[in-house]
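In order of appearance the chains are A, B, C, D, E and F, and numbering begins at 1 in each one.
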Amino acid sequence: MLKVNDIRFESAEHVIQEIRNMNVKGGSPFGRAAAWAYKLACDQEVFSNREELQNRLDYLSSEMLELKPTMATIYNSKNLVYALLEANIDAEVLEIQEKISKLCQKIIDVSLEAVEKLGQFGGNIIQDGETVFMHSYSSALMSVFIHAAKQGKRFTVICTESRPLRESRLAAQILQSYQISVIYITDASAWEFMPKADYIMVGADTITFDGSVANKMGTALISKLAKMCNKKVFIASEIYKIDLRTKEGYQVRLERRTIEEMIQKGDFDSLDGIEVINQFFDLTPADDIHSIICEFGVIHPSTVGEYWGKLEKFIMEAAR
Amino acid sequence: MLKVNDIRFESAEHVIQEIRNMNVKGGSPFGRAAAWAYKLACDQEVFSNREELQNRLDYLSSEMLELKPTMATIYNSKNLVYALLEANIDAEVLEIQEKISKLCQKIIDVSLEAVEKLGQFGGNIIQDGETVFMHSYSSALMSVFIHAAKQGKRFTVICTESRPLRESRLAAQILQSYQISVIYITDASAWEFMPKADYIMVGADTITFDGSVANKMGTALISKLAKMCNKKVFIASEIYKIDLRTKEGYQVRLERRTIEEMIQKGDFDSLDGIEVINQFFDLTPADDIHSIICEFGVIHPSTVGEYWGKLEKFIMEAAR
Amino acid sequence: MLKVNDIRFESAEHVIQEIRNMNVKGGSPFGRAAAWAYKLACDQEVFSNREELQNRLDYLSSEMLELKPTMATIYNSKNLVYALLEANIDAEVLEIQEKISKLCQKIIDVSLEAVEKLGQFGGNIIQDGETVFMHSYSSALMSVFIHAAKQGKRFTVICTESRPLRESRLAAQILQSYQISVIYITDASAWEFMPKADYIMVGADTITFDGSVANKMGTALISKLAKMCNKKVFIASEIYKIDLRTKEGYQVRLERRTIEEMIQKGDFDSLDGIEVINQFFDLTPADDIHSIICEFGVIHPSTVGEYWGKLEKFIMEAAR
Amino acid sequence: MLKVNDIRFESAEHVIQEIRNMNVKGGSPFGRAAAWAYKLACDQEVFSNREELQNRLDYLSSEMLELKPTMATIYNSKNLVYALLEANIDAEVLEIQEKISKLCQKIIDVSLEAVEKLGQFGGNIIQDGETVFMHSYSSALMSVFIHAAKQGKRFTVICTESRPLRESRLAAQILQSYQISVIYITDASAWEFMPKADYIMVGADTITFDGSVANKMGTALISKLAKMCNKKVFIASEIYKIDLRTKEGYQVRLERRTIEEMIQKGDFDSLDGIEVINQFFDLTPADDIHSIICEFGVIHPSTVGEYWGKLEKFIMEAAR
Amino acid sequence: MLKVNDIRFESAEHVIQEIRNMNVKGGSPFGRAAAWAYKLACDQEVFSNREELQNRLDYLSSEMLELKPTMATIYNSKNLVYALLEANIDAEVLEIQEKISKLCQKIIDVSLEAVEKLGQFGGNIIQDGETVFMHSYSSALMSVFIHAAKQGKRFTVICTESRPLRESRLAAQILQSYQISVIYITDASAWEFMPKADYIMVGADTITFDGSVANKMGTALISKLAKMCNKKVFIASEIYKIDLRTKEGYQVRLERRTIEEMIQKGDFDSLDGIEVINQFFDLTPADDIHSIICEFGVIHPSTVGEYWGKLEKFIMEAAR
Amino acid sequence: MLKVNDIRFESAEHVIQEIRNMNVKGGSPFGRAAAWAYKLACDQEVFSNREELQNRLDYLSSEMLELKPTMATIYNSKNLVYALLEANIDAEVLEIQEKISKLCQKIIDVSLEAVEKLGQFGGNIIQDGETVFMHSYSSALMSVFIHAAKQGKRFTVICTESRPLRESRLAAQILQSYQISVIYITDASAWEFMPKADYIMVGADTITFDGSVANKMGTALISKLAKMCNKKVFIASEIYKIDLRTKEGYQVRLERRTIEEMIQKGDFDSLDGIEVINQFFDLTPADDIHSIICEFGVIHPSTVGEYWGKLEKFIMEAAR
């Protein structure tokens, strides 16, 4: 099974450093890294009173959020820790440290198990002889395909290359290593090959509170076309990627990246009058998504808020 | 104005040779090249009787069609010449040669003027301050944009790069040279940027008898999305690109090209179990096309057959 | 090839009689029968003057139209004959008789050839390995499938049974006899099996002037669903089935038939309060039809009026 | 029957004057007025040579087009007259005058008959017990309803008021006078009442060469909604309203009118920061139109160009 | 009111036997039958310890599930009983038996009341003078219509016959007995008659966790067409029909039944090359369903999981 | 911030009186007024026993509901008070009075805060430079725009006038006073101007249990068009406007108002045969709504029932 190997963090400062060095990648690892930072501070450091602890946690939070200001999973870890603090307003500092440590361990464990669980549920969806259409790369998605393969299903995956970085190459290689047959096409071929697909499966970068999904550019396009010709779109993602600020109306920031990823030396003599835009993510509205495959099962996109509530309660109970 | 420079063909054999060497490119140049072949044979060669002439024309036809078996414009030139032959069953061989030469000259002239004319009509469509969405490269399309610019219109063109060959780079450079502002994006961004566009304009590789259009992969996808959100799709193309065999139910052959255009060294260790498909053309149904911008004006796609009839009559009259 | 065997009519009266006995079936046979009636009258009977001839033709027309008041093809034959009369206002009665006879022969010949020609064009559409979705029975449609089979194509046809009479049983048997593989399903399964089909092919009972098609109940439903998921709908029909009165705004009468075709003894104790409706035909709007496969080729539905003009001219020339 | 009463023009100058005084209203009356101007000049005035005549016609044309620069029907009358001039390059001036007079009379006659003819065709469409949805006012549309009523059909018309001028009040009054029952609703209620309608019928201000229709603001909205729920949209209009410049890519100018039509005294203290826009016309794409009810019959919108050709030929023959 | 008469089961073995003899029919009766089996075993049999009880329950479960391996309601009853077992791990065997008996009684009571309750809610939806479109037969649906009739509403029901078994005959007869007027049509007429309907109401065989519904073949087709023309689709079903395994990604098994139901003696000489498929159920995606009428009220399909949670809690409390 | 000024009610009778005098306007004020009535009765009046209190509350309820029989918010206040009564079946009358008073105070406070909270959430949605499309008037909607303006966002609002009463004039004036730029158009222009809008925001009169929204006529039309071209529709409304009777299948009563609002003196001589309908509200199905902006955040329409549950619990706790 796709082994998720988090960095072996040594201390809270180490977490900050690894984030700064861009060694942490993907929404889920960031959420766990934040949990590690809080946990290691509570496990390793000594605080004479609650205020000291609070200051330390504030410092760690601001460091991490300065480096990744739009990362929903860091916010989620921070919010859980702070909710715990508030719920234990009169407790001894040592007791709080212990509780935070337990809570963060739970955050980490739950996240690591989620990819495994949703992989099983997604694997159950895939039937022998079917063809699945995917786009870009996502470890949750890989987990789904690998589970299906391990269940003995024989199926085909159509991969669009996903310009500019063509992350689907990595997906194709992983699928290849599990003897899953792959059809590899350009992004512009999505509509041409869609009739061959039984349904669509993609990952998620961020989930909004009302069930929409930010993911690699092209996901919304493919989902809209799929909807139009009555093919289901499944999103494979743990619930922890929900961006709770969207509940308050804040919009998911859809990153644009460097144009160097899109153009190469020699493509243009000059860029005078040519604006190259490397819009990296887009937002697929909940309406175009059939279900989200998460650690709780295959759920309707409109219920992500309800499941976040369950997840939050489950994690918080670890620190009672 | 975009100067169309056909090769200066020396003889019928020279035409064949240049086709073989792949120096003739694009539907329109192929149609003219075929006309050159027939014309040069009739101008330069001596035939003792009608049968000799017929044999020579048959030979030239079969050579050209063997090299480009799916090229509608070669068929169109051939069919016009053969219709002339049939209509002059009792004429002297010299008289026929002269008539074929005139007919072929007309074919060439008409084609060269068509891009100019449709450029003017298309230029009239574009209004100051508008944004046009295009895909891939087409000289007819360039003619439209250049005419609009020369008419003093200031507008913006959104170009999808058009993987795998990214022909839009050439389009962007030409637009740049006319001070037309360009936004250059990946193909997968088509849906994200469509709200910014007032309408879509693309070229055509081949037109079917019922008004559908074969063009660079991605055209059908973009047209379907445009239709969905009520943006008009215009096709810029001379009528000569019609494939008359589609009237009899034959399907346009949608070329697949070498996968080397899609993948580079190092992309994959091996391609075991990975089928790379470089489907180069797709077919946009007439339903998704608002109008065709051709040498006759801006016409409804369903009327291409009617306009072919007019064009054929006009050309044939040259040889009366 | 599907041999079309018209009844061997002996006289004009015989035609009327066979229509009355309901031995003439299908739009095309009715058009030819009417031509036979006029032709046999002109060949066999003696008229002392133009007025006598006119009276005879009027009588035949009114007899036939009283029996089949909504049959477009009878009107078409009648209208052609009467146009000829009008164009020869000063001719001798014998000369007119001869001209009518020629005209009617042409009507008959053209109709018999049409099914053959459109079968070839339609056969060209079908490619090896494809799956075609059909509904009900139509001899034009059978001609398409048989031509495809004779061209060596191996393909599958999905047949909905077409309640209440389940005419698809006959279609399935004919296809079976040509070794074409058939999937036979209930009408309600149309949507379930549509993803397996590459496109839809059906016949026509009547064509309206703006390109809509009346056909067996269910055709409009299937066409709407096909349109929605981007599958092309082809109609196989000769142009002669056009109902020219629709040009003047008259609506095609969509027949309801006896409820005995729908319910059997024992289905209901009584029909008090239950209205059983056996609506036998529906009207598919031109918008939902991709092309009409007719004797002129594979044409856009909006051009049926134009092709009727060509057909009329072609037939009328026979009597010049 | 709706009596069309053109002004009794006394002279070419009188025509110009009445146009200037805004006593000519509606596309069709403008086309006829232009014909009157040319005709009266040719009937009443003396020209010593062809050049003098040409100058006079040029003067009249520029006067009329300066007053109504976007009126397609004036252009159409002008173009027919000028085509006649060109076709008679060597004729005597008197002969030309006579021909122009005949041509213009034909233009006038044909236009006056057109509304009558299309009224009959449209009336045939309407069936007993049906409900028709209309918007704004159009004399062609009134002709349709009156013919249906005279044919004895009992039906209901739903009228949206058509803000800002609420021209539907006039329509309602005319329908009332023919005992046609009317449901009168606000424009915003269009979607709420559409399920009660069997189909939509509206008029046209201008028809584009590819079959789209400019008409009172709201027509495109209603047509799009009708299309969505599978109700047919019929346009009642004579073909003469075609704007031939659209064939060359020029866009129909969609007039905005004074905001005084939209707001009344007291509606706002000031308009600082409030842009009131009285966009008076919109453009319904051919795709959303089922048929055009014109003097030739009920035709597919894509064929308007073909019918313009027929009309032009028919009119020009009058002056042979 | 439609009296639901379950079989009077004598013992657990009797339940198994009746299932084996196919005397239990419909999702709800199966769920209750399973509850009876567990209850009767606990009421009538003696177990010396918990293990013996467990073995007995395991045996009953495996017997029932072997006979009906895809029946969601049997799983639901089983799961509730087993959850109770687990929650009472340390209780005396007699106490557990008593609790299981209470729990099962609750399952039975709740199910019997559900059809009554949802009938009232659904009856409230129907307004005087409306026309409802239905398909196939469902006792929950009948309950809705009967309640509406008892509330004094006068309305019309359009019934598609629902080939191959034409279960709608039974529906028509029941409606007839309540003086509800019925229009009885073929399945292929669904699109033709939909404009006459105000909305659609059908039953359910199984509900998936994300709100989709498996029901008699044709339901998905009708729902898709209804959605397209903006008519609401209501599903009448108790929540107990939810298939919880779909939460884990397992797909609802859509039964195919014997082809004898579809073809009769004499339909075909042989079936060589003809594959007859009697696909009996299809799956309507949650997107095409407006609301589910269940015992909790008229709910959004995406909330079925939430209501299952409420139902489960309510039932489990009976055994506290 | 938009100051919500409820009437200063003096007594329960005063509330009734003000409702009777039509001084209470809007769903939220009615809900609060009902709470005031119950609260003032409990604060000011003396009841010797529970029965007396019950009778008084019954009287107040029936008075209010007789005056406004379709107002969901009055029902909601009543139901909360009666649920409290039932939950305190054995309490002393004075204790109950106190509890009711607290509960009603909570209802009032929560409602007053809701508009403020949802204004903030909605304000967060709006981004600098965007254009928002609105229709009619709603104080919740105004709160959203004012919050966005106070957050320093510069944006444009397109207002349809909203015939017949043109409530958008008030909206335009309020926006004007906050320097928000406004484009003011007719209702029929909604489709023409929609391409300029980034998304739609409207208010709500009533919310149904499954997430549909009743609002000023035209809302459903605009939402359907927006959905079609992929623009999000946001509804700004507090959850308290939910009509819980819709859970039981009862339909929201969509008011028709006096035709004097639609026609003026002189519009028609008589209304014989003209039915003027002033349908004032329509119902937008949940499917066409992207999110509801409420006091809990920006939620999926299908979850309104869930949030009502939370709100009810939160309010009830005030009276524990």
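What to note about this one:
Just so it is clear, a residue touches a chain if its C-beta (ideal position, glycine included) is under 8 Å from a C-beta of that chain, and two chains touch if they have at least 3 such contacts.
Owing to the predicted nature of the structure, the values given are computational and were not obtained by experimental measurement.
The minimum number of touch steps separating subunit A from subunit D is 2.
Across C-D and B-F, the chain pair carrying more C-beta contacts is C-D.
Inter-chain spacing, taken between the CA centroids of subunit E and subunit F, is 38 Å. Taking each chain's centre as the mean of its C-alpha atoms, subunit D lies 59 Å from subunit E. In subunit E, the residues that touch at least two other chains are 224, 228, 230, 287, 300, 302-303, 306. Touching pairs of chains, sorted by label, consist of A-B, A-C, A-E, A-F, B-C, B-D, B-F, C-D, C-E, D-E, D-F, E-F.
Residues of subunit B that touch subunit C in their complex: 209-211, 224, 246-251, 285-287, 300-303, 305-306.
Per the touch definition, subunit E reaches subunit C in the complex via residues 135, 160-164, 166, 169, 172-173, 175-176, 179-193, 217-218, 220-221, 224-225, 228, 262-263, 267-270, 272-279, 282. Those residues of subunit A that touch subunit E in the complex are listed here as 120-125, 127, 230, 232, 287, 290-291, 293, 296-300, 302-303, 306. Residues 195, 228-230 of subunit A are the ones that touch subunit C when the two sit in their complex.
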